[in-house]
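Presented below is the structure to which this report refers.
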Amino acid sequence: MPEFLQFLFSGLMVGSVYGLTAVGFCLVYSTTEVVNFAQGEFVMLGGMMAASWFSLTGLPLPLALGAAVLATTAVGVAAEALTFGFSRKPQVLNLTIITIGLAIAIKGVAMMVWGKFPKDLPTFSGEAPLVIGGARLAPQALWIVGTSLLVMVAVRLFMDRSLTGTAMRAAAADKGTAALMGIPVRGLSTVSFAIAAAVGAVAGVISTPLTLTSYDHGTLIGLKGFCAAIIGGLGNVYGAFLGGIILGLLEAFTAGLGGSGYQDAAAFLILIILLLVRPQGLLRGTGRERIVKV
Amino acid sequence: MRLARMASIVLGVSLMLLAGSARAEEVRAYRIGAIFSLTGSGALLGERMKTTVEMLVEEVNRNGGINGHPVKLIIYDAGSEVTKAVEAANRLITQDEVDIISGAGNMSGLALAIKPVAARYGVPMISNAGARSIVEPVEKSRWAFKSHLTDREVIGRAIDYWKSKGISRVALLSDTSGFGTSARDELKLQAGPSGIDVVAWEEFDMAATDLTPQLTRIRSANPEVILCWTVAPSGVLFMKNARQLGLQQILMHGFGYVVPKYMQMAGDAAEGAVLVSLRYPVGEQLPDSDPTKKVILQYNAQYKAKYGSEPDVYGAEAYDGLLMAFKAFEKANSFDKEKLREALEHLEFIGTNGVYQFSPEKHYGLTKGDAVVFEWHNGGWKLLMDATTR
Amino acid sequence: MALLQVNALSKSFGGLMAVSGISFTVPAGVIQAVIGPNGAGKSTLFNLISGIERPSGGRIVFDGHDLAGLKPNRRAALGLARTFQTPQIFDSMTVLENVLIGCHCQGKAGLFGALFHTASSRREDWSLREHSLVQLERVGLADKANSPAADLAFGQMKLLEMARALAQQPKLLLLDEFAAGLTHREAEHMAGIIRSVRAEGVTVLLVEHDMPLVMSLSDTVIVMNFGEKISEGVPEAIQNAARVIEVYLGSGI
Amino acid sequence: MLRSDPTTRVSRWLPLVAFLAVVGAVPAVSPNAYALNVLGFIGINVLLATGLNLLMGYAGQVSLGHAGFWGLGAYISGVLTARFGWPPLPAAALAVSGTCLVAFGVGLPTLRLKGHYLAMATLGTGVILQVLFVQCASLTGGPSGLVDVPNFSVGPFEVRTPLQNYYLIWSCVAIGLVGALNLSMSRIGRALNAIKGSEVAAECAGVPTHEYKVAVFVLSAAYAAVAGTLYVHFINFVAPEPFGFMGSVLLLTMVVVGGIGTFWGPVIGGSLMTVLPEYLRAYEGLEVLLYGLILVLVMMFVPQGFASLFRWLPRRAIRGA
């Protein structure tokens, strides 16, 4: 029984990080139909900035974390400006490739600024593990899962309740009509990138104490986040987070059953089967098939 | 029609100019090519290697080069990717026309990829990487040499240490790189005959962010010691996750993890971690009767004087690798690659990691006795088991 | 024997019965219209007949073939052609190429012929090209044959879709609101084309809202509401049937 | 009164014939072995990009796992020749047919999906293939790769020098380009383009869209498999890492940077994206940053790809010739 719980905890912890990254993907996708491959780099930036500022400036931990999230949000806004600002008649595929270029460039800058050595952050509340049902759980894992849930619900509330959120969902449904209604579609894509960057940074900040981070840490997280967003049905915040949890659990239990080499293969095999059975993803996403106009 | 034809010719010619570039002829220097991973997962290993070889070449050229020939060093970054390593090797041999390749990829996977390229063009290759298959079997490795210990010696030394402590139940947690899989095969080979029972074989991806699933399986196999084999940051997670899971066993690392920064990062989870490695990290603690002590101290002093920072074990490996190239040029005193190969096969010298003795049957110079065992105690290395070769 | 037999056809989208148990026949050589308020299930009916949607129940027999399970391209090969409410144009190709797609079933050149550009595939291309130009001349777009289809005006796109459908040499032509978005003159022009097509023996089933046009053009009319057929007959009888007026204009005026 | 003038057929062929003439003449100017090596890699990438362009440019179906088929071709050829001692030609034949079979098996179910869902399914396929290359270590040599793969040879004649490799690779590329050009002017090519324009209209016009999508998916996988065979015999070695997700992203970038849906796009994109890393090698620390920035700038200021800059080149691959 303890083994099962241990795998469960590990899956939930890793899954929450994937889930938050997926929420970032889902936000940008649902407002701009662009798959933002730089999302993984936002997670890396959050972790790296928090770690380097905390050790260099001696700021109290919460301040360093907050500063890192804000700075990454600024990078997200800059990324949106670069992606959408200049291209005259943007094709979705071109925009997606621009985000790939941005992701590589951000990784390049991170390597030059912070070097190649991994960085870490102290855990928020001590190291002593809690023992639950024979399985041991690092307190930081609770921070990770808890914060992720809070952030996810906050994003969902923002999307449902606030005026800007509703406008974003309108733009997602039909950009043309939304623009006719006076909704500043370009302004909304800036907001969506900003929130996606902030959510990504939070994922990076809360997970670094346990998983460390380095300049090339973002690429794999981005891929897993993209995969989780698709599992949950692109466009649905709850679905994206659920997709992340499922992916995390899948990896933990595959490793737990001794097939850790086949972790990724198992995750993607399940994904493909899911896509064939329920193309619109687990929770009813926008449901409408979005055809990539190449 | 004419416009279309003319345009295609322009396109074709521009492609050609792009590729061909004339190379000015210069005084014939000894040309040494080096391929390190300065980016990607092996980036940490590459940094000190590059600065060390640059320092040595600068010093040798200051004292009039070798046999009166200046030494020219060309370094490429393989970015921890096998394809880039092969392209870099092709470029070194066919474009830069190097006489010898020293430091063929600081990761086993890269060295194994460069080996066929060097063999095809008949260029001697010295690698700093661990995997034994770089120089074994000897018939298929005429042009390949190693400055480093092989994983066979290190695993053998680890088994010596386990036996000296009366340990018989061991677990291996190796990463899925060429370095990790080669060590796993070695342990499979040596464990049985030496009475060691490997109770758990676990693997992890170099970019893994959480090793608790694997460690939970290891816990249920209750080994006496857990050996982790990687160069990736996840080695730190190995120690932290293990202690979090309440595992009290001895945590061990292979000779790829001798990095004080990683130990500091793991905090008190690293206290008491045991490492099997080359002599270099515990240079000061070696008895004076050990000839390598003098070389180690001199390398440390020279490096600190030039760069103001501490070198590391990877720099020491590159130091010995380049020393081999220098001595080969000295002995062969020619550009003929076959002569250089001959010289390497009969080389004997004292490096930072031991007393090197090569032979046509053994393309790596060190033996099991050159490996030492030490532990991370109160923020520093503490020698546990000394080297036996003198 | 009727060209098209629809009996007890129904289609539900998660509980909502878009089409519920509708039955009718379309005799050969006739222009038949289907009218009804928005949301009556007219477009869904067309999608069921052309095979884009799979029915929840009932059967469709076309020219003696049971269409159950047949993909749209197989139904096209049997002589069923259709146009769309919003014109579906292949925007990365020229006008002529759009019509050539209509002749797809008449060509035989396969992948081998395509990759190695065999003589037979070239000859076949020539004949299909000539056939397509005839259709373009018929709808009056011959002068735009080599210009990109994306540059056409809305009305011209409707004409191009008609040319493409005619290029299929269909037995039954399904027209989904052909007059929508057209000027009166363009609608008349299209109606003229439809009459000439019927004169050559092609049966037409159309969905349309422009009542005067429907009444002047069609031989018989079916009225649908909430997925059911509520009336059927010649245009004059339909026009003043109480039930039809109630459906359109709402009762209790 | 047929007005689609015969000259368009000639005007489509001439640039290709001229280009291939130049490619044939290049070695006569005898650039050094390194340049031939780079030109060889360019050829392999152009063949890969041309194949992917058939699927994405002609038929509008996104694939983020194409490098997996490139790897499959390379590994089947490599394993058969290095481990089982097969002569290279039959090994290559099995590599291509085997990859096509896998592509058919994968394509049949997944090509019912559209847009990002199709992209994800193909991405998953690519990752699964790469995991197999890593995990079947007894056959493929695992993460450290498969060594001692022999040179390509037909009977006694062995392709050894970079020059011979150059001609072998570029003759395959020539066949691939001619095939792509013929396809673009054929009934099938037009049908594929119709699927890209509007799949539902093409289906109702009589085009068996699902069968054609699977056919072009298998054809593009065949191009990738041939490129894989050439690649493994060219560098006598193969490792799993170029065939993963980033590998597929690089192929996609080549097609889009060159000009998706155009005939010359893959040729230009394949060449540029091969030469770029070679030139960036000089800026050791900046290499990663510059690569990303160049990608962003190209996509911003040349969204239609470089092929669109050459006014006289036929803008679109599909033309009424």
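Order of writing sets the chain letters: A, B, C and D. Residues in each chain are counted from 1.
Everything that follows uses one rule, which is that a contact is a pair of C-beta atoms (placed from the backbone, for glycine too) under 8 Å apart; a residue touches a chain by one contact, two chains touch by 3 or more.
Here the structure is a predicted model, which is why all the values come from computation and not from measurement.
Note on connectivity: the fewest chain-to-chain touch steps from chain A to chain C number 2. Summarising the inter-chain layout, the chain whose CA centre lies farthest from the centre of chain C is B.
Remark: the per-chain Cα centre closest to the mean position of all protein Cα atoms belongs to D. Chain C and chain D have Cα centroids lying 40 Å from one another. Centre to centre, using the average C-alpha position, chain B and chain C are separated by 72 Å.
Measuring from the averaged C-alpha position of chain A to that of chain D gives a distance of 32 Å.
With centres taken as mean Cα positions, chain D sits 36 Å from chain B.
Contact with two or more other chains is made by residues 134, 196, 261, 287-288 of chain D. Residues of chain B found to touch two or more other chains are 39, 176. Residue positions of chain C in touch with at least two other chains are not found.
The chain pairs satisfying the stated touch condition come to A-B, A-D, B-D, C-D. Within the complex formed with chain A, the residues of chain D that make contact are 56-57, 60, 62, 109-110, 112-117, 119-121, 123-125, 127-128, 131-132, 134-135, 196, 245-246, 249, 252-253, 256-257, 260-261, 285-296, 299-301, 303. By the touch criterion given at the top, residues 50-52, 71-73, 76-77, 81-82, 84, 88-94, 96-98, 100-102, 104-105, 107, 109-111, 113-117, 121, 124-126, 128-130, 133, 145-146, 161, 164-165, 168 of chain C touch chain D in their complex.
Residues of chain D that touch chain C in their complex: 1-4, 179, 182-183, 185-191, 193-194, 196-198, 200-210, 215, 219, 261, 316, 318-320.
Across the complex, chain A meets chain D through its residues 29, 35, 37, 82, 86-91, 93-95, 97-98, 100-109, 111-112, 219, 223, 226-227, 230, 234, 261-262, 264-265, 268-269, 271-272, 275-276, 279, 289-292, 294.
Across the complex, chain A is touched by residues 39-41, 43-44, 47, 176, 202-205, 207-210, 212-214, 216-217, 220, 233, 236-237, 240, 244-246, 261, 265, 267 of chain B.
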